[in-house]
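Attaching a single structure in structure tokens format; questions to follow.
Chain IDs A, B, C and D follow the sequence of writing; residue 1 opens each chain.
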Amino acid sequence: MTMPVDSGALYDRLIVQRARKPLFAGRLENPEKIGEGKNPLCGDKTRVELQLDQDHISLVRHHTRGCAICLAAADLMAERITGLNIAQAEGVGRQFSAMLVEKDGQPATSATAETPALEQLEAFAPLRAHRARIRCAELPWVALKEALSHVDV
Amino acid sequence: MSAILEKGPVHQFDSAAIRQQFPILAQKVHDRPLVFLDSAASAQKPNAVIDCMADTMRTQYANIHRGLHWMSERTTEAYEGVRDQVAAFLNAPSREEIVFTRNSTEAINLVAYSFGALLKPGQAVVISEMEHHANLVPWQMLRDRAGIELRIAPITDEGDLDLDALQDILSDGQVALVAITHMSNVLGGVTPARQIADMAHAAGAQVLFDGSQFVVHRKTDVQALGADFYTFTGHKLYGPTGIGILWARKALLDAMPPFMGGGDMISTVTFERSTWAHVPHKFEAGTPAIIEAIGLGAAISWVEKVGMEAITAHEAALTSYALTRLADVPGLKVIGAPKDRGGVISFTMDDVHPHDIATLLDRNGVAVRAGHHCAEPLMRRLGLTATARASFGIYTVQEEIDVLADTLVRIRNFFV
Amino acid sequence: MSAILEKGPVHQFDSAAIRQQFPILAQKVHDRPLVFLDSAASAQKPNAVIDCMADTMRTQYANIHRGLHWMSERTTEAYEGVRDQVAAFLNAPSREEIVFTRNSTEAINLVAYSFGALLKPGQAVVISEMEHHANLVPWQMLRDRAGIELRIAPITDEGDLDLDALQDILSDGQVALVAITHMSNVLGGVTPARQIADMAHAAGAQVLFDGSQFVVHRKTDVQALGADFYTFTGHKLYGPTGIGILWARKALLDAMPPFMGGGDMISTVTFERSTWAHVPHKFEAGTPAIIEAIGLGAAISWVEKVGMEAITAHEAALTSYALTRLADVPGLKVIGAPKDRGGVISFTMDDVHPHDIATLLDRNGVAVRAGHHCAEPLMRRLGLTATARASFGIYTVQEEIDVLADTLVRIRNFFV
Amino acid sequence: MTMPVDSGALYDRLIVQRARKPLFAGRLENPEKIGEGKNPLCGDKTRVELQLDQDHISLVRHHTRGCAICLAAADLMAERITGLNIAQAEGVGRQFSAMLVEKDGQPATSATAETPALEQLEAFAPLRAHRARIRCAELPWVALKEALSHVDV
């Protein structure tokens, strides 16, 4: 039983680490924005809470019950969008979705000032080969979208 | 390890010969040999079925029933011949009681619509806590459409139907139909159909069994069961997709209005009024799934050649073996402990999410299902949101269960 | 004989190469080469379809949508890929507007049930005098269930839709839906769909076209037609049985309640209440005809490779040729003379009964249909009880029409 | 166009003759029994009228609109049952039906006193290979059954 399981490209070390020990899990005392995502197929749920500083996202926490992909996606999303302004965060989200539906071999969409690079979120690229799991990684972004579309809590 | 490993029917069954008849089993997935443990969702197809369908299209095909030419007459004979085969397979009293549908789901919807049309507001339909959505949503729709009450028979913590509770539910005499699965697709439990039928009949109710899972694993005898309706689906029985079966007692079919209208289900048509064909044709509107029905016939012939008793014994031995092996996987919990289990095992493993289990098993060539298995209310009853599920078929072998168990151990190590 | 015999598209079409792709055409019937002139009932299948279905079962099959493993994901992709293909085939604005059904009949029943549920007593549905029972009986059932009025648009003696009469029928603004065939399976006439759609829309009605016959012969563009609903059936389009298509505008599908309940069509299920999946899944309950949908995809690819324009031209030439040849058969009367005819010709011959014509043609290898062609009210309108019908497909050749005409002459001599 | 059509075994000379020139077509002045058969599939119709002499069928006429098989079947039925008693006529009918569903090569059921031989009706045996046409030949027998089941007209 010493041989490790073949985890393919999907369960990257970073993903597994963050799923085990998320850095942004928890709740905010006074969240300004809250959004939720639910996947009825598997019961996964995530709640995203935001603190804004003017137009900038200054603090993010998520409360996630889900699979490793969903947990890590929530945690890495939280990390990535912290410090961005809302338009930039939304841009990252669009880029993230685009990456997941890209055909292998297609050039990645390039980052601009409005849509910053995906950075660590690139770890989810192998999901392309697991289409049924894509919504696991998108769930936190659904929650974020909901959070940002609410004017107040 | 249990005694089953050293002896028993597993080895009396020529698995190698059987596996050779399923070309897909020679496929590799992620460079690993395919270990297909998802037969409860849909079974793979033997050459006998594949070749039969291809040969039909190559040598003997035309639309049926209304044709007077050779191809049409021969195709009609082949199609109608399968009705005889299905009648024999279920030990139905008459071939006219066999209705071809798309799948179990359509068969149950047909009953909910056409038998449902005979019910009166205030009458009740009983289902159980462990039904597949196919045997739940159609009754909800009937409830909402026609003011029928929907009652839920609970299950025990082990996953058996609670017969005492069912008795209570039936006691007011308002129940018109008890519709219960004959084998759970999540817990694997076989329900005591004869007892349920007797209880239902004593309370003046008809009984429908959803045999989607059962017919694949055991000999089915609708008369011995005392059933009034019975449904199954071709693709789980090693047959094609697009074809399913409703069996019902002729008196019921005769009394029920048609479900869909169109060609082949009529006797005469005028703009003012149409009259219906005799059963079963009354329920088969339009060009049926001709090639698929013929393919189902090939599947049944093939299963009967292997022998249902041999299949039952093989799968029982495999299931015991699997339960033993899975008991050794740290953190693994088998869901439910029904008195009589067929070849379906749902499980969880610590807090590794079933979706992660399924994806990682897949990376290692092992196909299982994960999710709510179209039985959300059952999941809620069990306090779960999802499970992983391994299910066995004719072609499953011990070695595959070893791969499953070993890989699960490694998946756990990966996460914990 | 007409000029068409010497030149024209018939000869530009590589019929020999096409025929070789249909293995059944090499069969003999009563020791004669098969002359299959019954494609309007159901077409034969090319190797591309047969092989695609067999290969799917041999190498890449599992149940779809809920599976996380390789086989399931690949099969889901193949199945959902056909939805894209069908959307392109019909020039539908969105793939989500494509619903897989068993056949045209189920597609129309779905609309009668689910769109019908939105109608109010007193509203009307219009069909024509030349509808197939599939586009008649479901509306009768709706009428009798829901107090909807059923109005019949007459046809002219030539077999064209009487547009003036249709205008009158629409004039009171009570009509919710006009459901008309896009090509008659008896008379072969193509209806002026765009005009009908405009008239219907001007009167505030939606329009459904039964494209079962049309899509086989001509390019279909639901947007250019101004259709709201469109249906067709796979087995007439050189595809498998057990698969059909409903296209409808998304806004309509969104507004319509589901037809059948079960797995895959739900979003969440509790015993109290279920919510529905997005379209098109809301209308696809249970395990669909997966292998058949994939086979339909192969059929569409194959048809598109041959080219719909080439097919239309080939069949138009064949049809003129056949009309010319049949005009020379003593006592033969072609039924109807629609302005725009596809490759379907119904006829009678003195008082030789169509059943005798069909049986004797069959003895000589020629397969035609005889009877009311699931259009009893049309027969009554024509003052007939039955006709014989020859219909042409991709693989039909002039020589076969010669055999038909010659044999008809001999049959007449036999009886008269 | 001199080569005759291949009519197979089904369109026996006798059948074609009777279809062209039926010997028992027409109506009775005062029929004691009347029965009708209809095939909605093709619109074929036949009306059978009987005169009885005690238990014996003394006179039969049929009025048939149908295909050659149906016409000939009506005419040959009329001929065959004339002079039989009711039980015998019914026996012939049963035997006729049995012949039509027999598999080729099966021994024909043998005639007895109660169920006289089929005689000329044997001409319909090739219908076995044309199952969709069997009901054409059975239609007159359906009409006869109806006629005999009515006590009076």
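Criterion: a contact is a pair of C-beta atoms (placed from the backbone, for glycine too) under 8 Å apart; a residue touches a chain by one contact, two chains touch by 3 or more.
What you see is a predicted model; the values in this text were computed from it and never measured.
Colleague: Just the number, please: Cα centre separation of subunit B and subunit C in whole Å.
Modeller: Distance between chain centres, rounded to whole Å: 32 Å.
Colleague: Using the average of all C-alpha atoms in each chain as its centre, how far is it in Å between subunit B and subunit D?
Modeller: Inter-chain centre distance comes to 47 Å.
Colleague: Can you compute the centre-to-centre distance for subunit A and subunit B, using the mean CA position of each chain? Integer Å is fine.
Modeller: Subunit A and subunit B have C-alpha centres separated by 39 Å.
Colleague: Roughly how many whole angstrom separate the Cα centroids of subunit A and subunit D?
Modeller: Measuring from centre to centre gives 80 Å for this pair.
Colleague: Using the touch rule from the top of the page, what residues of subunit C touch 2 or more other chains?
Modeller: Where subunit C meets two or more other chains at a single residue, that happens at 30, 66-68, 72, 268, 355, 359, 370-371, 376.
Colleague: Which positions in subunit A are in touch with at least two other chains?
Modeller: 40-41, 130, 133
Colleague: Between the chains shown, work out who touches whom and classify the graph as line, ring, star, complete or other.
Modeller: Other.
Colleague: Go ahead and list every pair of chains that touch.
Modeller: A-B, A-C, B-C, B-D, C-D
Colleague: Which residues of subunit A touch subunit C once you look at their complex with the stated criterion?
Modeller: Residues 40-41, 130-133.
Colleague: Using the touch definition up top, name the residues of subunit C that touch subunit D in the complex.
Modeller: 30, 32, 353-356, 359-360, 363-364, 370-372, 376, 379, 385-386, 406-407, 409-411, 413-415
Colleague: Which residues, counting only subunit A, touch subunit B once they are in their complex?
Modeller: 1, 3-8, 10-11, 16, 19-20, 40-44, 66-70, 130, 133, 136
Colleague: Hey, which residues of subunit C end up touching subunit A in the complex?
Modeller: 66-68, 72-73, 76-77, 267-268
Colleague: Can you list the residues on subunit C that touch subunit B in the complex?
Modeller: So the residues of subunit C in touch with subunit B come to 23-24, 27, 29-30, 34, 36, 38, 41-42, 44-45, 49-51, 53-54, 57-63, 66-72, 102-106, 108-109, 112, 132-134, 136-138, 140-141, 150, 152, 233, 235, 240-243, 258, 260-266, 268-271, 273-274, 285-292, 355, 358-359, 361-362, 366-371, 373-374, 376-377, 380.
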